[in-house]
Amino acid sequence: MDDMRYLEIDVTAQTNKMTARGVDVFYGDTHAIKAVDVDILDKTVTAFIGPSGCGKSTFLRCLNRMNDTIDICRVKGTILLDGEDIYDPKVDSVQLRAKVGMVFQKPNPFPKSIYDNVAYGPKIHGLTRNKAELDEVVETSLRRAAIWDEVKDRLQSPGTGLSGGQQQRLCIARAIATSPEVLLMDEPCSALDPIATAQVEELIDELRSQFSVVIVTHSMQQAARVSQRTAFFHLGNLVEYGETGQIFTAPKDPRTESYITGRIG
Amino acid sequence: MSPLMMLISVLAFAIAGYVIARKRAVGMAGGDSRKLASLPGFYGQNAAYAALIPGFAVFLAGSILTRISLKNDMFGLWADLVTRLPNLVPTLAVLAAGAGLAHAIYRTRPEFRARVAAESWVMILLIAAASVAILTTVAIVFSMLFETVNFFGQYTWTEFLFGTTWAPDFRGNSALGILPLLWGTLYISVIALLFAVPVGLFAAIYLSEYAGPKLRAVAKPMIEILAGIPTIVYGLFALITVGPMIRDWLALPMGLGSSGSSVLTAGLVMGVMLIPFVSSLSDDIINAVPQAMRDGSLGLGATKSETIRHVVIPAALPGIVGAVLLATSRAIGETMIVVLGAGAAAARLNQGLGEMVNPFEAMTTVTVKIVSQLTGDTDFAAPETLVAFALGLTLFTMTLGLNVAALIIVRKYREQYE
Amino acid sequence: MNTPRKGSLLVQDARTKRRNAAEARFKAYGLTAIAVGVLALIVLVTSILGNGLSAFRQTEIMLTVELPESKLDKSGTRDLDVMKKVTTLTYGPILAKGLKDVIAANGIEIEGLTAKDVDAMISKEASAQLRDRVLADPSLVGQTVEITVLASGRIDGYYKGRVSLASAELDSNVTPAQLRLADALKDKGILVTKLNPAFITAPDASDQRPEAAGLGVAILGSAYMMIVVLVLALPIGVAASIYLEEFAPKNRWTDLIEVNISNLAAVPSIVFGILGLAIFINFGGLRASAPIVGGLVLTLMTLPTIIISTRAALKSVPPSIRDAALGVGASKMQAVFHHVLPLAAPGILTGAIIGLAQALGETAPLLLIGMVAFVREYPAAYSAADGLFGEPSTALPVQVFNWTQRADPAFFERASGAIIVLLVFLLIMNAVAIILRRRFERRW
């Protein structure tokens, strides 16, 4: 089965969705990311792994310029989305984030109804023309996030009233409702129990059919389960990047091997 | 025995108690302080407290009782006693101190847990201090309740609560309806809030969400300075600057009035006073909204202002409502600004709507009338004076309601994000 | 599912442009709000400074006057009791004559200047000043002395921009001839406007002589009240906070105390004035206008502020410190007094200073307890008849209010000047609080 998947990748791997070249990130005086080059392929799940503090989340936040919200953070280098530099002064970070959505570590539903949570993105981006269309977007998004059946009877109740796993799936629904081209996920399962984790992982696998997904994870098992390509970060460096199977079975770099065998991290 | 002698004696008892009890304890333990239940110092402390605290408590209670009985012809027996024996209270105080001392020394034995005893004396002091806050509220309520009851003995309460004319006359036949005063109070407060809430809220939003560190370092303290300025300063500002300005630039050209003091003057100046109040409360509340919620919205491609309007403000709404309630309570209780800026003429409610809502008219408030009825020559038997206590009680009740509602809302809000 | 838009990132679509415009507008609102706040502060401060700074300067006239024995001490005995019977009414003309002599000696001639005009150049306060000087040193009688006297309020106002030749035409209290005379005297160096320390030290003066009014009694009264507040509010507030924060069981009763304290902090200050009037004066029999009453009222008002800030300071000491002390066998009381309290002290002190500053500026409650009265005698800290801080006094902010109620516009200058003094005190207190916080602030 796994082999099948690799084959599939090889067919589509030609399209590069995002390209990062020589990316450096500084927090004040701290050099958090050092000269990272990565290609994110379209319709692929890419996993970033590495010990805590290795910079994988920081790098992820560069991909939709969420780091702009942190005053002391500076980014150097080029990151291209479909060939366009996302750090070009002409680029509007708002337009960028509409294309590159994000799901966070802790579920963070807005203090609004479930419906309004999902409808928020389409509303601000003006994706729908009328209420009926909006209803449809909300329903499809909730269905795709595999939570529709659980919430369809209480769309008007607050999103904060759901369980942790449901909240995270709601946040995923919220993110895909704006139909992004890339979906960034920052340890989306770290606050969830195993059952909810399984549900979210299943969901990620399914989302691959439409988006390019980048997931930061702490758990190597999770990376192995959901991703096709894996990047291993260590101390701000991208140590190794390649197909998931290869990274886990035949790592080229001794640090990667140490990490996946549990000697560092 | 004079009060000064009493002071010296009680202090002497305390020092003697410390020395004697300490010596006695060490002596009974045969000079080996390790055999004592507590450190030797605690035996001394216990004896010192046992003299000081009862001594001063008796003196304080006795003095207050004497003052009250002499002033109000109450507790006749006590009044007689202290007039005949002017040194009764200090003497009693010294006796109490002596008794406390003797008891403490008597109890001093090696197995006596002196630390516990000494600490319970301290605890008594702590509890007494904490009850001052309760006593204050009780005193506030009673100070107004008694005179208000007196007032309603002379003036019907329905006339007071529903009367539409305020025309006190010390020769009698006063009309003392509160409605014109309440109208003035509310009108001025509404203008103040209409000015202060948007300005304060936007200032807080800008400072916490947009401003760079440099602007914040300058603007934030400047706005906070406004909070530290006494209200008399704002009052004078209204009287000599804002009032004439509004009269000459707005009221006279528009033909709407010629009064230097006006609702608008008082309202605007009060609004300025409330800006830092609203902005610092809102700032706390906006900062309590978790960053994750902002990230969620920004991550979806919302602009900062969309995030603020659609996510941060709705999330912070209960807290902001609480802040506005507290600001309202401030506004209706504010005195000096309205005394100097709003004028002394009560609103005339039966002269048509035009005059009632003209913001360039002078209009008085509940607090202004409390001041004017209670300063100068006052006759505490006349309803024109006593009405001030009823006004005070009304004011207290209104602010109490607002404060408690605000407290509960804000407390619930904070718990939600903790 | 709607199709992903394929627009370029480098081109803003119409909707993004609109949204960015909304963003810019929103930011502009915020900036405007801050500008309004800052502008209000600037206008307020300039208005007060503009109106009040001149109160620290005063116009004075230097005279040489003869002190004739025939008028001041007919008996010739220099007996003080006899000389005291001579009132200020006799001293007035002596000063007026002195001024006339000076005018004549300098060859000043002013058209339309009457004798009454010359009289009115000198403050009514001056005759009392001369009388006091003579009574202090009776040997001066019969001699010629030099004396510097206050010019009257309108003449002073002429040099501060309050009075002009045009306004003098319409003013029954001053004539244009007087102003021309003043200019002539100024040219000769006889009339000067100079620094006026009496504004800080002198007592209040009556309606007719704003030029002599000072803040001495008010500052003294405020100082007495601050002593009372500091001595009572700080220990009681700290003790109450220690009990509530460290010892009180968490139950409905303490919850009630909690709500009660928060409410007290927001009770209108005027209500505390009613409390003071009804309880301390009418019921307790303390004297109206006494600093002790004001101090007690302000103590009750300041207590909630001090309690709230002290509790915050106690709360900020981490529980690990308490645990450490308890762990080595200290009692709870020892842990609090030996370890927690010293660590919280800077925070407590800062809160106390801020509470004190608040109390210093408070006006409304003091109006009700009679501190608005006209007081010219410096109150003693202790007197046998009135006890500690029991003599009638006024207070800085109340003096401001008092002056705003006078008819002569010169008192507005005085009121603004008094506010500058008040603000300087507040500034010093807050600066001390900030320095304390900076120096001792600890981050856990």
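We just call them A, B and C in the order they show up, numbering each chain from 1.
Everything that follows uses one rule, which is that a residue touches a chain if its C-beta (ideal position, glycine included) is under 8 Å from a C-beta of that chain, and two chains touch if they have at least 3 such contacts.
Because the structure is predicted, anything quoted here is derived from the model rather than measured.
A.B. asks: Which other chains touch chain B while also touching chain C?
C.D. replies: Chains touching both chain B and chain C: A.
A.B. asks: Which chain lies the greatest distance away from chain A when centres are computed from Cα atoms alone?
C.D. replies: Checked the centroid distances; the maximum from chain A is C.
A.B. asks: Tally the contacting C-beta pairs at the A-B interface and at the A-C interface, and name the larger one.
C.D. replies: Between A-C and A-B, contacts are more numerous in A-B.
A.B. asks: Per-chain C-alpha centres versus the global one: which chain is nearest?
C.D. replies: B
A.B. asks: Could you put a whole-Å number on the gap between the CA centroids of chain B and chain C?
C.D. replies: The separation of the two C-alpha centroids amounts to 21 Å.
A.B. asks: Counting in whole Å, what is the centre-to-centre distance of chain A and chain B, each centre being its mean C-alpha position?
C.D. replies: Those two chain centres are 54 Å apart.
A.B. asks: Using the average of all C-alpha atoms in each chain as its centre, how far is it in Å between chain A and chain C?
C.D. replies: 63
A.B. asks: What positions in chain B touch 2 or more of the other chains?
C.D. replies: 303, 306
A.B. asks: Could you say which residues in chain A touch two or more other chains, in rising order?
C.D. replies: Within chain A, residues 94-96, 98-99, 124-125 contact more than one other chain.
A.B. asks: Among the residues of chain C, which are close enough to touch at least two other chains?
C.D. replies: 19-20
A.B. asks: Across the complex, what residues on chain B touch chain A?
C.D. replies: It is residues 212-213, 290, 292-303, 306, 310-311, 314-315 of chain B that touch chain A.
A.B. asks: Where on chain A is chain B touching in the complex?
C.D. replies: Listed in rising order, the residues of chain A that touch chain B are 64, 66, 69, 71, 94-99, 101-104, 106, 108-112, 120-121, 124-125, 171, 174-175, 178, 184.
A.B. asks: What residues on chain C touch chain B, complex-wise?
C.D. replies: My answer: residues 19-20, 22-23, 26-27, 29-34, 36-38, 40-41, 43-44, 47-48, 51, 235-240, 242-244, 247-248, 257, 259-264, 266-275, 277-279, 282-286, 300, 303-304, 307, 331, 333, 357, 360-364, 367-368, 370, 372, 397, 400-401, 404, 412, 415-416, 419, 422-423, 426, 430.
A.B. asks: Under the touch definition given earlier, write down the residues of chain C that touch chain A in their complex.
C.D. replies: Touching chain A: residues 1-5, 7-13, 15-16, 19-20 of chain C.
A.B. asks: Residue numbers of chain A touching chain C in their complex, please.
C.D. replies: 81-82, 84, 86, 88, 90-92, 94-96, 98-99, 124-128, 133, 137, 140, 179-181
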